[in-house]
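Following this line, the structures themselves.
The two complexes that follow have chain A in common; it is paired with chain B in the first and with chain C in the second.
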Partner chain A sequence: MEKVKKAPASGKRLKRIEGVTGWLMITPALILFLGFVLYPAIRTFGLSFFDWDLLTDKEYVGFENFGKLFTDERLGTIIGNTLLLTAVSVVLKVALGFLLAYFVFRLQNKAGSVFMESAIFFPIIIPMSIISMVFVILFSTDTGAINGILYMIGLPKVPWLSSASMALWSVLIVDVWKGLGFFFIIYLVAIRNIPQSYLEAADIDGAGNAKKLFGIILPCVSATSLFLVINALITCLQLFEPVYLLTRGGPGDSSNVISYYIWSVAFQERDIGYGSVLALVLFVFVMLVTIAQFAISKFWVHYDE
Partner chain B sequence: MKKLIAVLLSAVFAVCFGLTLVACGGGSDGSKEKIVFACNSGYLLDFQERIEEFNKIYPDIEVEIQAINAGSWGEMLQTISTDIASGVGPDIADIASEGMYVFAKSGLLEPLDPYIERDAEELTESLDAMDENLRNAHVIDGVTYSLPTVWNNMCIYYNKNVLDGAGLEYPQEGWTTQDFLEMCQKVAQNNTGGNNDIYGYAFYNAYFTTIEPWLCAFGASILNDDWSACTLNDEGAAEAWQFLYDLINTYEVSPKLGTSDVDLFVQNRLAFMGSGLWYVENLRNMDFPVEDYDVVPFPSKDGSLRSVIGVGGAPIFKNSEHKEAAWTLAKFLSGKKFQEEYLTESIWAIPAIESAADIIAQKEDIPDNAEIFYESASYGTYVPAPAQYTAIESEVLRDFGAYIAGINSLEESLSKAVENINLALVE
Partner chain C sequence: MNKTLALRKRHWKLRPSGLLWGALKFLLAFVVACIMLYPFWWMLTGAFKSALEISELPPTFFPREPTLENFDVIFGQADVFGQMYINSIIIAIAVPLLQTIVCLPAAYAFAKLRFPGKNIVFMAFMGSMMLPGQLTIITNNITMVDLKLVNNLMSVILLSIFSAFAIFMMKQYFMNLPKDLDDAAKIDGCSIWGAFLFVDVPLAMPIVSVNLILCFNSAWGGFFLPMIFLRKMEVMTVPLGMTVLQGAYNTESKAVLVAALMLSIVPVVIIFFLFRKQLIAGIATSGLKV
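Right after this comes the complex of A and B.
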C-alpha cells in the first residue's frame, strides 16, 4: 500500500524535474528570441507610428506612415520583383537540390559521390560578400570572364548587371548558386534515410526507377520538402546581401526587392517610421505564407509513422 | 569537503571574472583621458599610424579608433547616426563634406569658433597655409564645425600608351568636352565588340566621381548654390546626362556602366578615367608605371577650369564628454607640421596644407602634372551635400542608372529626380 501511495508523488516530482529541465534547455534560445526577435519586432511596431530620422527627436504621427503604403509609386515594382525572385528561386533551389541529391544518391562511384557532395556544398561556406565580389567581376559586360567565353563561342555579350532586364536574374543566379548546396545536402540525407527495405521491396515487385522515384522516394522526402520550401520562401523574401552587393537594386528599381528597399528607406532616406511599416508588411506577409504552407501541407506531405 | 569545493570554485570564478574585466578594459590605466575617434575602416591603418604619432606628443590622451566598414560616405553616416541614436556615438570622427551638413544641421556638432578664437595664435601657421576655399568648407550658416584635414577633387587620368597608339596629342588644360569626345572616338574607332576593344572613357554610377563632375563640366549641378533646390532641370544638366548616355549607347566609346575603369586602364585598354589623387595609389599598387600616365583637369563645355571638391574634417560631437581632448586631436590632424611629416606618405587624399601637397607633387612616383590637384582648391565647387545627402544621392543614382539603362527617357529621369529631391529637401 505504501508503495502505491508513493508512486504518484514520485511521478509528479519526475514531471516537475522534466518541466524544469525542459525550460532550462530552451532558455538560451528563448533569451535570444526575446532579445533579438520579439523585442526588436515590438520596437519596430512602435516606431512605425513615429517620424524619426535617427538624429533628432521622434515625433508621433499616428497612422501617417501606414498611409504612405498607398501612395508609394515604387512599392508595386519592388513587391513584384520580390515575388518573382522568390517564386523562381524557391522552385530552382528545391528542384535542382532534389535532382542533384537523387543523382548523387544513385552514383555508384564512392569517390565521385564524395567529390560531388563537396563541390555542391562548397559555396555554402563562402561568405556572400566574397561570392558577390567575384560575381561582379565575372558579370562585367566588357571585361568579365562569362561574356569573354560567350564571345569566343560566337554568342553576344550579356549586360548582366547593367541592364534592366538582366539585373534581377543575375541576382537570382548568385542566390541560387550560393544556396543550392544546403538544399542538396538536406535532400541527400533524407533520401539516404529512406529504409532500404522499401526500395528492395519495390525491386522485388519489379518497379522501375521512375516508379521508385515517384512512388517511394518523393513521398518519403515530402516532409523534408515542406521544411525546405518554407525555409527557401522565408530566406528569399528577406534576400538582401546579393542585391546590395551586386546591383544596389538598380538600374532604376529593376532589381530592387523589399528587404533592400526597407534598408534604403530606413537608413539612406533616414525615414525610420516608414521603414518600420515596410518591415511590418514583410513580417506579416512571411507569416501568412508560412501558415498557408502548413495548411496545404496536409494534402501532399506524408509523415512516416 | 563540499564547503571547500564551493570556496575553491568561487575563487576560480572570481579570478576569471576579474581577468575578463581587465581584458574588457583594454589595459587603460585610468590616468588617461579616453576619446573615441570614428573613421572608415579603409583608412584604419593610416589613422593608427597618425594616432601613434599623436600619442607620442599627447601621452595623456588615449584614442580608441572605431573603424566603420562603409563603402560610401552615405553608409558611414548611417552607421554613425545609428550609433548616436543608440547612445554610443564617437567623440570625434573623420567625416567628409558629405556628412558635415547632416550632423551640423541636426545640432550634433560642437561649434568650434570659440576654440579657434581661443587658440588663434597656435592655429595661425596652419590656417594660413590652407586655401581659403578649403578653410571655409565646413563653415555652415556662419559657424565653423571643423578644420579641414584632407580633401579630394576630380580630374582626368590619361593613358599615354593608348593615346600614343591612336596618334593623339596629350590633352591640355582648357580642353573641351568636344575635344574629349573626339579623342574617345579616335581611340575606339577600330573596336569590333570583342574582348580586346579599347575604350575612350569608363565610368560608374557615382555621385562624386561621375555625375557631379560632368554636370559641373556643362555648367550645371545637382543643387543650386545654397543647396535649397534641385537644378537638374537646367539645360546643362540635360546636356551632361545625354553626353554620358551617348558615350555608352550612341558613340560606343565607353563600356557598360560599372565596368572597372582602373582594370581597363592598366591593361592599356582605356584612354581616360576620372578620379582624384587616390587613383595614383591604386595604380602604384597595381604596378602601373607612373611614366605611362598623367593627369589633366576635367574638360568642360567652354574650356574653363572646373572641378568638384569634397573636403574632410574631424568634427567634435556635442555630446562628447571629452571635448578638449577631442579638440587637441582635431588641431593635430589639421596641423602643418603633422601634415607635412605624415600625410605625404599615404596619398589617398590631398592634404589641406599646401606645402604638404607640394611635397607629394614633387615626388618621383607621382604624375608630372600632379600640381593640378592642389590648384583646383581655388576654383573647385563643393560637392552638393545638404543634410538630406543620403536620400539625394540615392535618388540621383537611381534616376541616372534608369536613364543610362534605357528604362526611363532623359526627361522622365530628370523630372523624377527634381521632384523627389525637392521633396526630400523640404522634408
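Right after this comes the complex of A and C.
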C-alpha cells in the first residue's frame, strides 16, 4: 500500500487515478452509510429535543425529554434488569464457553470432538426469533416439555414466564443457550491456535495439566477473552428479540430491558422524543464499554507478538 | 523423549482414576449435547406428532404414530405461509448479493488504495458499529415512510446492505494478500479495476463466500427490521410471520405450530450441513481478528 510506484513521469497522474478510483469504490457504501446510519443517528439526537407523535406537528421542548429520565419511575427497574442480565449473561457465556472449549480441546476422540463442536455450535445458526418461539412452548408451566422433564426427575414445576421472579432468568437461559456456541467456538479456535511448541515445552518440563491451563492456555487466550467480554456486553445491552417474544417485558416490568423499552416508547406509545433520549442512553452505555475496551487492552492483555 | 511421554500417557490411562475420569468426561459430553440438541429433537419429532401426543408429559422421545397431518394443515392454507417463504428467500438472496457488490469494492479500496480522506471514512464506518439499532431505527422509520417503502421488502433490504463489519472483515483479508500480484498485474497494463476484479477478487473468494453465508443466515433470521417495516401479512418474512400465525396454528394444534417452526429453519439448517466448515471458520475469524 505504501509503495505506490515511483514512475516519475506519470506518477502524479497515476496517483490521481488511484484517488478517484478509491472514492468510486467506496461511494455506494458511503451513500448507504450517510443515508441510513449517520443521518439517522444525528437526526434521532435532534428529535430528542422535540415532542412528537409522528402524526401532529413537532413541538420543540428543549431538555424536557431528558428531564423525564429522572422522573420516569420505570426506568430504574429497567436499567437494573438490563445491567443484571448483561452481567450474568457475560459471566456465564465466557466461563461456560471457555470450560467447554477446554473440555473439547482435551478430548482425545476425534469423532467425539467434531460432534461436540457441531452440537454446541448448532444453535448459533438458528434465528433467535424462532428459538424464542420454541422456548415459549417449552417453558409453558403446565404443558411445557421443560417442566415435564423436571417433573419426571421429581422436581417441582417452575412458572418460567409467568412469574415476576423467573421471567428475567428465562430470558437469560434462552440468551445463554443460543449465544454460548459463539464463545465456545472462538475459545476453541484460540486454544487450538496456541503454538504447539509452548505446550510441548511445558510437557518436557514436566508441567501438569493444571499448570499448562493456568500458565499457558489462559494467558494465551486473554486477548480473545477481552474481545468476547466486550462483544457480549455490547450485544447483551441491546437484547431485544427474546424479551419481545418470551415475556413482552413482563409480568409488570420484571423482565423489561432498555432496548425493549425504547421500542415500546417510540413505536407503541409513539413518544418519539423520549424514545430518542432512551436510545441515546443505550448508545452511551455501548460507547462506555467500547472506550473501556481500548483502555483495558493497553495494559491488561497479552498479545502474541 | 516422545516414547517416555507416550508411556506416561498410557500409564495414566490405565489407572482406575483414569477410567473414572473417562466415564465422567463421557457423561459430561452427553449431558451438554443433550441440553444443546434436545430442543431441536423435540421440534423435529414434534412436527410429526398428533395433536394429542405433542402435549403429553413427559414428552415422548419418538412420535408413536408419525403423521403428516400437521403439514397438511399448513399447506392447506399455503398462500400465507408460502408467500412468507418467498419473501424470506427474496431478502435472504438479495441482501448477501447486494452487500457483496457494495462492500467488497469498499473493502478493497480501504485495503489497497491510497486516496485522500480514506482514514476518516474508515474510522466513521468502524465507529458506526457502536450505534445501537434502536437509535437509527427511529429516524429510518420516518425515512421509509417518506420513501413510501413501508410494507415493501426494499425497506429491509436497503437497511441491511451496508455492513461495517463485512467491510472490516474483507479489508483484513485483502491486506493479507501478497502485493506482488497487484504489482505484476499493473505492470502488465492492468487498471486498478482490472487488478481488483481479475486478481484480487478471485483470491478473496474464501472470505467472500464466508460473508455470503453469514449474511444469508442473518438475513433469513432477521426480525427487528421486518417487524418495524413489514406490517401486512403478505409482505412478512417467515420468522416475523410466525409470530402472527402462531396464534392461529396453536388453536389448530400445538403440533401444527411446531411443524411450521421446523419448516421455517430448513434453509439455515441446509446451509449449516453444506457449509459447516465455512460457517465455523467465518465466525471464528470474526472473533480472532481483534
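Keep this in mind: the second predicted complex is superposed on the first by the 264 of 305 C-alpha atoms of A that agree within 3 Å, B and C clash if a C-alpha of one lies under 4 Å from a C-alpha of the other, contacts with A are read in each partner's own complex, and residues count from 1 in each chain.
Heads up, the rule we're going with is that a residue touches a chain if its C-beta (ideal position, glycine included) is under 8 Å from a C-beta of that chain, and two chains touch if they have at least 3 such contacts.
Computed from a predicted model, the values in this text were never measured in an experiment.
By the touch criterion defined above, A:A111 lies against neither chain B nor chain C after alignment on the C-alpha atoms of chain A. Once the two complexes are overlaid on the shared chain, A:A210 sits clear of chain B and of chain C alike. When the two structures are aligned on the shared chain, A:I120 is found in touch with chain C, with no touch to chain B.
Touch criterion met: A:R270 reaches chain B, while chain C stays clear of it. Shared-chain residue A:F103: touches chain C; no touch with chain B.
In the superposition on chain A, A:T143 makes contact with both chain B and chain C. When the shared chain is aligned, chain B and chain C each come close enough to touch A:L54.
Comparing chain C and chain B on the residues of chain A they touch gives the larger count to C.
By the touch criterion defined above, A:S254 lies against chain B but remains apart from chain C after alignment on the C-alpha atoms of chain A.
Of the two partner chains placed by superposition, only chain C is touched by A:P40; chain B is not. For the contact definition in use here, the residues of chain A common to its chain B contact set and its chain C contact set are 54, 137, 143, 148, 151-152, 267. Within the complex formed with chain C, the chain A residues making contact are 1, 4-5, 15, 17-26, 28-30, 32-33, 35-41, 43-44, 47, 54, 100, 103, 107, 112, 115-131, 133-135, 137-138, 143, 145, 147-149, 151-152, 177, 180-182, 185-186, 189-190, 193, 203-204, 223-224, 226-228, 231, 234, 237-238, 240-241, 245, 259, 262-263, 266-267, 272, 275-276, 278-280, 282-283, 286-287, 290, 297. Those residues of chain C whose C-beta lies close enough to touch chain A in the complex are 1, 5, 25, 28-29, 32-33, 35-37, 39-40, 42-43, 55, 57-59, 101-103, 105-106, 108-118, 121, 124-125, 128, 130-143, 158-159, 161-162, 164, 167, 175, 179, 183, 186, 192-193, 196, 217, 220-224, 228, 239-240, 242-243, 246, 254, 257-258, 261, 264-265, 268-269, 271-272, 276, 279-280, 283-284, 287-288, 290. Remark: chain A residues 53-56, 137, 140-143, 148, 151-152, 157, 159, 161-164, 248-254, 264, 267-270 touch chain B in the complex. Contact residues of chain B toward chain A in the complex are 74, 78, 81-82, 84-85, 102-103, 106-108, 193-195, 197, 199, 205, 255-260, 263-264, 390-391, 393-394, 397-399, 401-402, 404-408, 424.
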